[in-house]
Structure formats: structure tokens, C-alpha cells
Amino acid sequence: MPESLVISKGAEETTRELLRSLLESGKVSAVLALGRTGSGGEGVAYSLFTDPTAFEEGGAACPLFPFMPANAGGLLSRLTLQGPPSEPVAAVVKPCELRALIELVKLNQCSLDNILLISSTCSGVYPLDAGVDGALEEKLPGYWEAVKQGEVDEDVRPTCRACVNFVPENADITIALLGEADLDTQCTLHVNTEKGAAFVEGLEGASSSGELESEPVQRAVGQREAFREELFAGVEVGMQGLIRTFGRCIGCHACKTVCPICYCRLCYFDSQDAERSPEFYEGELQRKGGLRVPPNTVFFQLGRMAHMSVSCVGCGMCTDVCPADIPLSTLFSKVAASAQALFEYQPGREVTEEIPLRTFEQEELVQVAT
Amino acid sequence: MSEKSAARSSGATLKAEGGVAAALVGWLKEALEKKVFDALLIPVEVPAGDSFAYLLLQDPAILDKASPLPPVMPVQGGKAISRLTMRGNGSKRVAAVVRPCEARAAIELSKLKQAHLDDVCLITLDCPGVLPLSDYIGDPAAGAARFAEAAAEGDRSPMRPTCQMCNHFSLLGSDLHVGTLGADGTILIVPGSSKGERVLEGMGMPVDAALDDWSARVEEAEQAQTERRRQAHADLRETVAGAENLLDVFSSCINCHNCQRVCPVCYCRQCYFESAALKLPPENYLARAGRKGALRFSPDTLLFHIGRASHMALSCVSCGACEDACPMDIPVGQVFSLMADRAQEALGYVAGRSLEDALPLVDYEMDELHQVEQPYVEIYCKQEVQDA
Amino acid sequence: MSEEREFEPRIIYFLCSWCGSGGSETAAAHHLQYPENVVPSRVNCTGALPAVHIVRPLIEGADGVVISGCHPGDCHYNDGNFRARRRVALVKSLLDTLGLEPERVWFRYVAHGEGQRFVDTATEFNDHIKKLGPNPLTTRSDT
Amino acid sequence: MENQAFTPRIVGFLCNWCTYAAADSAGVSRFKMPPSVMVVRVMCSGRVDPLFVLTAFFSGADGVLISGCWPGQCHYQKGNLHARRRTALLKSIFDTLELEMADRFRLSWVSASEAPRFVQVVKEFTDQIEQAGPSPICDELFL
């Protein structure tokens, strides 16, 4: 099935054209993609576009903008939580968003029916605070220059610079971006599924047998792996390390709110069970002379790890929204890496693969029980 | 319940040669040792030294790292008090050292039945404002120096925008207020309720110092701040009023609802805007998108902000916690303080002023607000008929 | 001018189930006509109408919202309409602060027997909104 | 001196069908064992969410024991196999973050007929925790 289509237009233009034609021809009823908001395009947010003109030159949509205001996996879950749309919807998402989406499908939080998934090889996104007041626009030329060379711009989020899963899996159509030197004039679409093929039918382009795993991609994996090790090495561990790291946590639980995998409508830590009676506080006070109010910073983080780390896709939203600038994503990725290795699991790899905690082998992990 | 003391006409004095914070911590330590109260809720520097956290403590030794007036407000004290007392009063008398906006939030939460203040003695200080959280965490040492300098000079420019225009930085509602404004070697401790009076009594401190000088200073500063607030709100209104401006202001909102989560008075366990009420089948979203050509997703950004205001603006204490927690630096605290001031004015209420004022949406008058009733012009349709 | 005449507002009319709805029934009994684009929506009591439900249509597609309940002192739950009045005052204050045309919200008492008054209110509000023009929020995709 | 006075506080999540029965019969048989385990009876070791374990630790437990039926003998077919995966996950998190809780956390299979084994597990685990000393988490103020 996998085939690729070389189109003699720039990547951005190709993407816009593709989406516009999908909407115009009625092949999809809407497109979920990034778009500018506000009268002067001050903000960038995901939108469900139904009007094809949004994808024309100067239109509101900016599907390849290096920014992630929300994890689109979570958004698609919200869109399809109560059932798939009756007509196809296309979504332009980043590889980590796609992984989150696959995990959410496994968690019965969304449906992939009638969803056309378009993704691209990803060179990362800028931190949220770089996107305030159009400050990001100035960085765009540098960003795309780096993409062409298969590099990552230095101002891109550390999480992204350390991400080794930047080649999307399970996308119906993949737009090759990373390391494509002639990005401005030519674009390769990799059509990975029959669904994808049906949607690109009629698109003008030369078919080719180009592989996604190009040389620059391989090189990027190595670079990012190195950076990842560097980040992991900087994580403060041990209880004292965690207390130092989370000492400044303000308990807002924003990390949980934006986490695509944390889908529970009511988190244990926001529930009545986590509210304490005066007797609890008095008991703790008696025992150790003092305690934090509200309590549960390290407990919350460990609890969240226990609940979601096997499915953590390393999208970095948690770090991005943290008002206290705690490097959550690095810590969670480090924990997730070993937890996922334990079960030889990679979140988002395959929709049919069970989440490790929902399945088991008869003979395994014998050393755990003593 | 706090019975009002006969006008705050006098206070006790405390020598503060070694600085206000040290003197106050010393005083609190003594109070703990004398068992004037059993426990203390106070901001304490965290182990990494990059922020502060509220600790409930009874061991006076822990107080060494305490700061009655830290340079940041990571957790709104009202919220901390609510978490502590939401299930009841407990058996300990707790003194909570908080900022005036935090005390106001605690008072609102008490009225909203989310806090029990019977055994809590609210101690507030004249507040110079706080630095934005992200500024401080980036470089705590520089932040602390900047804060100390600005606080000493009464300069609010490095503080958060909501603090820059705060006009309720003193007194209002607390049981004990520590007057430090313009303090020169001596600070005043002013009882605001019988609970506060009992504390001073227990400490053996005579309440005999005249407040005139300090009151005059506070009043002067309050007037200046009120003017500043009026001006800031007028300027702000220019930039937010109208559909276009408003949507520009919220254009970068990522719908994380963190403003709601850190808001002390947004106490609902399940927010309406995160509930199933707004989680709809895909056809709904697609139809809405179809009508407008596109639909921001997640949807309902503006509905969330205005709706949230409709739920909490009357209890909003303008503490600015929302703005501090916004990952997109939206001036949400300022916009909410503007909405809150005008809404509270319309309904004759000041959030956190006193435990006695009833919440405006719980209470009503028979004869009021006739301006919102649309007068009936009886001849309206008859006129139409004649015109036709 | 001609365009203005073509504008047909979308209006939601919240009616309390005792008085407001009663008014509409009386109007129907007398075969009184009111504009078709005014969509009545029944709530048990105006006091049971959350502020969010006034705001939500104004963002999602209505050009105006009008609310009718019992006259002061006539509320079937004693004080629902007084509470509603405070809530409307709050919503109007918020809308005014944000420059979102508080005049798109009307609050007028209509008793069960006042069919004419119900029809007048619907008609008058419709004309009023026509004069105001379309609600700018309803066409924005980034709300 | 202090060490001698230290009696570990171990929270034991015991499965209703196997280990709880074993503990019961150990008691009835008057077997001697350290009074260190505070028993929480759960219907199945598979019922134990990682949060239970964390809650115990953060509430001051010096050790946590999960104990249930041997693999293949679960009264709900597979609950203990889920418990094993969860335990492995939690241990992996503790290991990655180099948290000392890893050594204070044990999963053991004890069937209903194995009262002596239960006693042995408790003795061993208590010794182990005694060696390790009181959990340092108990005294942390900033958790």
C-alpha cells in the first residue's frame, strides 16, 4: 500500500491545497487544523474548518504552524467521544498528538471512524509562551531553515528536541518535512493507507518510492537521542530530589488538565476522596509538627505517573502549561521510558496493541512477587 | 463568628527594629509558645528556595524559614484555608497569616460554605503586592531583592498588574491586621474582631496605641491606588470592550481552564464548563462550524470566561491568581477585576468586606434594580397598527 | 437599507412556566400573532435560569434574549423573580463591561392573563433587535 | 536505642479469599508473628490501585505488602495477574526515580492454606523494614 506522491509545490502550499480540495469536493465535511484567531491573527488555536476559503493564501488556517496550543489527540477525543461523525473529518496533527489519539482509542475515549489523519515528520514546536503576541512569527524563517537541514531550532521546546518519535505512525497521509531541502518548491506526500489513497485521489503529482526513513531522519534520531540522555541525566531523583523539584508546585493540576492521556472526568486528586477532614490535618500536625496545605504535590505526581505513564506520549503539554515552570515532561518521559520498556510497549504504535495494564501474560514478571 | 470590635480606633504596638518580617515571626513564635493559638498557617520557603508554600505548623522551629509577606503568591491563601477547614472547624485554633486579598477570599469561601472560620484567626498585613510567579521562579535571589526594594519604597511597578492597581491592600475583614505602612521601628497590630482582641489579650499586649498616623497614611495610599485602579480599568476597558477587542484578548487562550482551577472562589468540584453539559455529539460541533465557516476547538472559550464571571465575579477578590497561572499571559486577572468591580458595584457588594454581608445572589430586595426591568409601553403595538 | 430589512433576528424568549408561558397561552387563545423568529423556551421559574444560559445563546447564535416571569410578588416560588432580577442585573453588568451590548437582554414581567403584553414584548423586542442589527459574536468562528 | 523501639508500620492489602484467610488461620493457630501489619482486606489483589500503595506511603507507612492468591488461583481468574503488572509498574517508577519506597514494597502470593508462609512473609518483611528503619517520608513537611 505505502506509496508516495511528489508534488511540485511547497509543503505549506501543498497542505493547504490538499485540505482545500478535500473540503471543496465534499470528501470531508470539516478539517481540524491550526488556525489564527483574533482580528489580527494574534492567537493560534485548533479550529474545525468547514469553509474551504480558510485554506487559501492568507486564509485563517495555518496547518503546519510549529505550535501546539492543545494536544489534538485530546481534541479529537472530545469531538468523537459520543460517536464518530457521520461524515469524514480530516485532522492535521503532529506525531505525538497522533500517538495520544491512538492511546485514547484504546481507552475507549474516541473513535477513528470517519477521521482522516494527516501528519508530518515533526521538527518540534515552540513553547506556549513564545506564541504570545505574535512573537513566534519572527522565528518562522529560522524554523523552516532548520527543518530543511534536518535540524531542530534551538528555541523549540526541550521536549521536542529530545523527541525520537517524530515520524508519525498510523497516519493516513504523511507530509515529509524534516530534512527536505527543497521544501519550498516540492513536497512529498506519503500515502500510507487505503483510506488515505481514496482521499488523495485526483491530486496531481508524480508517484515515487521515496522512503520516510531518509538519511536526515536517521541523523536526527541520533541527535535527539543524545539530547534526550542529557535531559534525563539532569533529572533530580530520590525523594529529596522530587521534593526540591515539586516544592514550587502550586497544585493547580494544569499538567493533568492538558494531558491527553489523563482523560478521567474527575481525577482522584480533585475528588472528595482527596479532600481531608480537620482530623487528618491535626493528626499530621501532631506527627511531624507541620504539613503543606493543600498537601499532595509529590503524591499527586507519583499517582499520576502510576496511572498514565505507560501511555505517556511525551507531548510536553504538561511542561508547557506549568505556571511554576517545573520540567514535568522530562521527568515523566524518563519514568515512561522505563515503564514502557518493562512491558515492551510503545504508546501509539498500533491501535490493536493492548495497553499493558489491561492485559497480562500468564508467565511473566516472576521476579516481582516474592 | 467575628463580632465587630467597636471601630478600629486603637491597636497594639510591636517593636520591629530588625525588620517587619523578623519581628512578626518572632511574635508569632511567642504566640505559639504561649498557646495563644495552637497552629499557624503561614508561607514557608520551600527546600529548593525557589518559591513558598503554605505550611500548617505547630513546631516553632519550622518558623525560621517562614515569611509572612513572601514575594510571590503561589497558592491563594483563601484556597489553603478552605482546604484546611472545608470539612469543619476542627479542634485547633489556627492563625492564618495571609495577604488581604487572601483573607477576603477566605471570607467569601466561608459564605459559600467552603471554609469554616470559627477557629481561624485571619492575620493580614499591609500588602505591597507580589511579583509575577514566573518572574520570581526564574531567578529567586534577584526576585527577592527586587521585591524587598520595591516594597520598601512603596513602588508597585515590578509587581503583578493586578497588584499594581489593588486598592484593598489593608484592613477589611481580617481578625488582626498588622499595620506596617510607613512603620518606623514600630508596627501596629490592629484587632478587627473579638477573636483578634482575644489574641492580643493572650499575648498581654495593651491595645492602646492610636492609629491616626498610620490610618492617614493608609487612607492616602488607598486613595492614590483607587485613582490608579480607576485609571487602569478605564484604559483596560478601552482595549477589551466590544466583540472584536474581547476576542483579540482571548485569542491565544488554550482552554486549559487553569484560571478557574487556581481561582480561590471557583470552588465547584466539577465546573460546568468541563461537565458533560458542554460535551456534545460531533454533529453539534460540525453544525456550529458549518454555520460560521469554522469553529475554534475546543469551543466555548468566550462562553467559559463570561460564564465563569457570571458565577464568581460577585465574589472575585481581584487577587490575580488566575493571571499568574495563565500559560498564555492573557490579562485575565485584570479583565476579571474590571468585571468584578462593576458587577459588585451594580449589586452594592464588596467581596470579602465582612462575613455579615450576604452574598448578592443569595439575597435580594423587593424594591431594587428597576433599571433592568424593561418598561412596558402599553401603546407600543397599537402605535404600530396606526403607523401601518 | 434593504439589507437591514432582510435581517431576521434569532431571538430566544425564556418564559417561566407559570406566568410567562401562561401569557403565551392566553395570546394563543386570543389568536394574537407574534414574530415567528422569536423562539419561546420554557423554564420552570425565571429564578431557575442560570446566567450562563442567558450568555450561551448570545455567543452561539442568538441576536437577543428576552426573559419573562411573574410580576413582583406573584412568583409561584415566592422569590424566584427577585433572584432572576439580580441575575439579569449581573449579566447586563458583565455584558456592559465587556462592551457586548447589554441591550440584547430584556427582562419584563408578563402575567398569565397578559396575552397582549406577551405579544407586545415579543414584537417590540424583535423590532428593537432589528434596529440593533446582527449580534457580531454569532458570526465569529473564534469564540 | 531508637532502633530497638522501632516497630515498623506495614499496611497489608490482603486478598479476601487467600491471604486474608491465611492470616486468619495463622491467628487462630496461635502462630507468633510481629504485630507490624495493619490489614486492609480487599476482595482481590487486583483491586489494589497504585494509588492505594502511594496513599499508604504518604500517610506514613513504613512498608506496604500486597498479598493474594497464587497465579492461576485467583477467584476472579486474573486479578492477581493484573496486580503483578501494576506492582511491576510501580516498582519501575520507584526505581527510575530512585525512591526508597521500592525496597519497602512487596508483593507475595500466599494461598488460604499457607498460614505458616504468611507468618514467614510477615516476619521477613518486618525484618527487612526494621533494617531499613522508619520511612523518611513521614517527616517531610513539603510533600
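Labels for the chains are A, B, C and D, by order of writing; each one numbers its residues from 1.
The rule is short, and it goes like this: contacts are C-beta pairs under 8 Å (C-beta built on N, C-alpha and C of every residue); 3 or more make two chains touch, one makes a residue touch a chain.
What you see is a predicted model; the values in this text were computed from it and never measured.
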item: Chain-chain pair with the highest tally of contacting C-beta pairs; value: A-B
item: Chain located farthest away, centre of chain C as origin (C-alpha); value: D
item: Separation of chain A from chain D, taking each centre as the mean of its C-alpha atoms, in whole Å; value: 37
item: Between chain B and chain D, centroid-to-centroid distance (C-alpha), Å; value: 45
item: Of all residues in chain D, the ones touching two or more other chains; value: 141-142
item: Residues of chain A touching at least two other chains; value: 37-38, 43, 45, 47, 60, 243, 247, 289-292
item: Multi-partner residues of chain C (each touching 2 or more other chains); value: 141-142
item: Which chain pairs touch, all of them; value: A-B, A-C, A-D, B-C, B-D
item: Residues on chain A engaged by chain B in the complex (per definition of touch); value: 29-30, 32, 35, 37-40, 42-51, 53-54, 60, 69-70, 75, 78-87, 89, 128-129, 131-132, 240, 243-245, 247-248, 250-254, 257-258, 265-266, 270-272, 275-279, 281-282, 285, 289-294, 320-325
item: Contact footprint of chain D on chain B as seen in their complex; value: 44, 46-47, 53, 55, 57, 62
item: Sites on chain B touched by chain C in the complex; value: 237, 240-247, 251, 272, 288-289, 291-296, 299-303, 306-307, 309-311, 313-314, 338-339, 342-343, 346-347, 360-361, 364-366, 368-369, 372-374, 376-378, 380-381, 384
item: Chain C-touching residues of chain A, taken from the complex the two chains share; value: 37-38, 43, 45, 47, 60
item: Complex contact set, residues of chain A against chain D; value: 237-239, 241-243, 247, 268, 287-292, 295-299, 302-303, 305-307, 309-310, 331, 334-335, 338-339, 342-343, 356-357, 360-362, 364-365, 368-370
